[in-house]
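Chains: A, B and C, in written order; residue numbering restarts at 1 for each.
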Amino acid sequence: MRPGFADPVLDAQAAFRAVMQAMARPGTVQRLAAAPDAPPPIAPAAAAVLLALADADTPLWTDAPEAARGWIAFHTGAPFVAAPEEAAFLLATSAMPPLAGLRAGSDEAPQEGATLIVQVGALRPGAGWRLSGPGIAEAHRLAVAGLPADFPAQWAANAARFPRGVDLVLAAEDALAAFPRTLRIAEEG
Amino acid sequence: MRDPVRSPEGAGAPGAEHRRREPEGRDPHYNFAYLDEATKRMIRRAILKAIAIPGHQIPFGAREMPLPYGWGTGGIQVTASILGPSDVLKVIDQGADDTTNAVSIRRFFARTAGVATTTRTAEATVIQTRHRIPERPLREDQILVFQVPMPEPLFRLEPRLAETRRLHALADYSLAQVKLYEDIAQQGESASSYNHPVLVNGRYLMSPSPIPGFDNPKLDRNPALLLFGAGREKKIYAVPPYTPVKSLDFDDHPFAPMRAPHPCALCGSTTHYLDEIVTDDRGGRMFVCSDTDACAEAAGRAGAAR
Amino acid sequence: MYVAVKGGEAAIEAAHAWLAAARRGDPSVPELGLAQIEQQLALAVDRVMAEGSCHDRGLAALAIKQARGDLIEAAFLLRAYRTTLPRFTPAEPLDTGRMRVLRRISATYKDLPGGQVLGPTFDYTHRLLDFALAAEGAPPPPPAPEAESGVGPMPRVSEILAAEGLMRREPAGEEAPPPDLTREPLRFPAPRPLRLQALARGDEGFLLGLGYSTQRGYGNAHPFVAELRLGEVEVVLCPPELGFPISIGEVTVTECQMVNQFAGAGEAPPQFTRGYGLALGHSERKAMAMALVDRALMARELGEEVLAPAQDEEFVLLHADNVEATGFVEHLKLPHHVDFQSELEKLRSIRARVEAERAAPRAEAAE
């Protein structure tokens, strides 16, 4: 079994702060200095997010293979669920599950919407989509390689049901960015 | 008249040591920043959802802290969950670093997290506050953590939580609008001078915590992340950076922040929020800045100019 | 005087030193030992354990000593300690039917299997100050006489009524395992397990007043003490690693089952309903008041009209916790001068406007 965080307390804090920064400033790319060496295909940044946030109280779905699941279970204690719609946290190492099928919470408890971690090919700030919304002064640009072609349409549908919705963490190697449900994406401009 | 109101160790005292770290370091009897890791994870998950749904109150399993409920336990739990060893922490109560409860909370974190503390707003990465927003504009690399006594902005109008939860779901804020309308009809202006409710990103009505109305405009599109913790009421909420925050008002009666119409007796500021100090029993008053750090800075500038 | 507020660390340290001296009192008087508190102020220890939600007599005694006998402060100390402890696994439900009984009474039957056991009670004592207790150094009282025969099995009174079909069956638990109030906040409407948890750690005085109000017409109560029992019950855990139950020790609890007539509604025939009270330690007043309030809070489930304060679950549950309540009431001692200043300016502004408006018509009239 590969180890988790070298320092479970301080590395978890650093990983959380990176996710918090990413969520508070959508589209900025955060780098994790102390991400764990997770078994493939789990990206170090995705592994750090799970170890920092998942535990016995967070039903977890993932498409990762058995060995990787064993590593997650050992280090987090999170119970796995088979159906994506039952999960509080999801880790997609290959194809992103459709956003419309995930837990979105209710109008009274929108915080019960899921957090989906998607591993992507690359995150390049300064190019690509024009992002706006809370956390962004004017606009921010981010190019993401590896999301489904219809992602902007899926995301617009996710944003339209606010306050219900799913929040996204994008992980590429040791880098991560986040899309809170308030984020607006424009493909051109 | 020379500085009758600042204690010798106060932030305003000239030459005061404004930044320090406990010489013995962190108390090894406690986990880093006191809370256990499972509790931190639960609070961290709540904070992330709070950022994703600006102004919405997230229920969380607040723990008993070694300080009483009502004395900042919500803010302390939020601070404890975000704090890292390289943070520099500032704690203020009523704007001042040397008020007793601010001293007590700062000592708590110096002891349990071993972090550096400061009284300078400019040096802090995390600022925990009760009832004020610092005068000095905050930066993107700063986080302001508010202690919140009553997170529900509608509680005086509707005390039932099951009902206010429904009203927030429907974005039905007519109760608050009617109350404001009645205030204006009866006395010409809003009756609330502090804790005046705000609308966050055009969706959620939010209690800004009991900050004076003077501070409300600072909430709007603030570059810093604003986090709110209510321990006894077990709620966390957030305003992400640059998020539009509008004080509840009417077009023909726009929200008007207030300040005592005097200069500060110490630094001469005509823009900072002021404390009123009774100097005798014959109506004598003096006005001094509530933000001790901003006052010291302004006094320093004034001294240099002379 | 302003320095009192902008006081800083020196003032806090001086206050703490004074507190320590006041706690000790006159040093010529022998210091209280924890064993003395535990043994001779046992009911104070029990109350602190109940409201502190932590069954540990030694720690409760320490908290009472540290709090100078302020029991709410002591409950707070114990809670703040408790919250730092790891949570292993939920215990199996306590089987109070198998309690090692120290006291057991029923008001609904003159006699019943297992009999009435008075135990160590203030009941039937004459409340006359006993000046003999003021004389220290008296020899210890002789041991209490033992019961003539060993105490036999003690079936619960509620089961006697249930066997006849007269007791409302409790609906199966909505959730298994039950929610844990120490890990998640109260939510409304609150399921009964959450309500009972909140009441069990609730303030004895607050519950006493509310329970009393249901007897005086604020709520539709006709209560009988079916049974009140005090004794030791085994705590059993079933750790997932082991897969079989193990006993980890005994706790002292007081349990009260109150029966109430219920007229019946919808499908349900007229029957008895049950209010339930359970408190850590020997806390009869608490267990009884809790049972009254529990029954009042069942109004919603039973289709009764919610009219009285004791039936209003948000009102009862959100105000029963004395650690929360004392914190928020006492936080008013903290400086509020920033808010007060904004109130002053607001009041001055409104006054100025009113005075200007009053002056204006007079000026017009004078022209």
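As a working rule, a residue touches a chain if its C-beta (ideal position, glycine included) is under 8 Å from a C-beta of that chain, and two chains touch if they have at least 3 such contacts.
Everything quoted here is computed from the prediction, not taken from an experiment.
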{"item": "From chain C, the most remote chain by mean C-alpha position", "value": "A"}
{"item": "Pair of chains joined by the greatest number of C-beta pairs in contact", "value": "B-C"}
{"item": "Where chain B and chain C are represented by their mean Cα positions, the distance between them in whole Å", "value": "34"}
{"item": "Centre distance in Å when chain A and chain C are each reduced to the mean of their C-alpha atoms", "value": "43"}
{"item": "Residues of chain B touching at least two other chains", "value": "42, 59"}
{"item": "Residues of chain A touching chain B in the complex", "value": "8-10, 12-14, 16-17, 19-20, 23-25, 52-55, 57-58, 106-108, 110-111, 113, 115, 134-137, 162-163, 165, 167, 180-182"}
{"item": "Of all residues in chain B, those that touch chain A in their complex", "value": "31-32, 37-38, 40-42, 44-54, 56, 58-59, 81-85, 140, 165-166, 168-170, 201, 203-204, 221, 223, 225, 238-243"}
{"item": "Residues of chain C defined as touching chain B within the complex", "value": "2-3, 5-12, 76, 79-80, 82-84, 86, 182-189, 314, 318, 323-324, 326-331, 334-339, 341-346, 349-350, 353-354"}
{"item": "Footprint of chain C on chain B - complex, ascending", "value": "4-7, 9-10, 36, 42, 59-66, 68-71, 73, 93-96, 98-101, 103-104, 107, 130-132, 149, 159-162, 187-189, 191, 193-195, 210-214, 232, 234, 258-260, 273-277, 290, 292"}
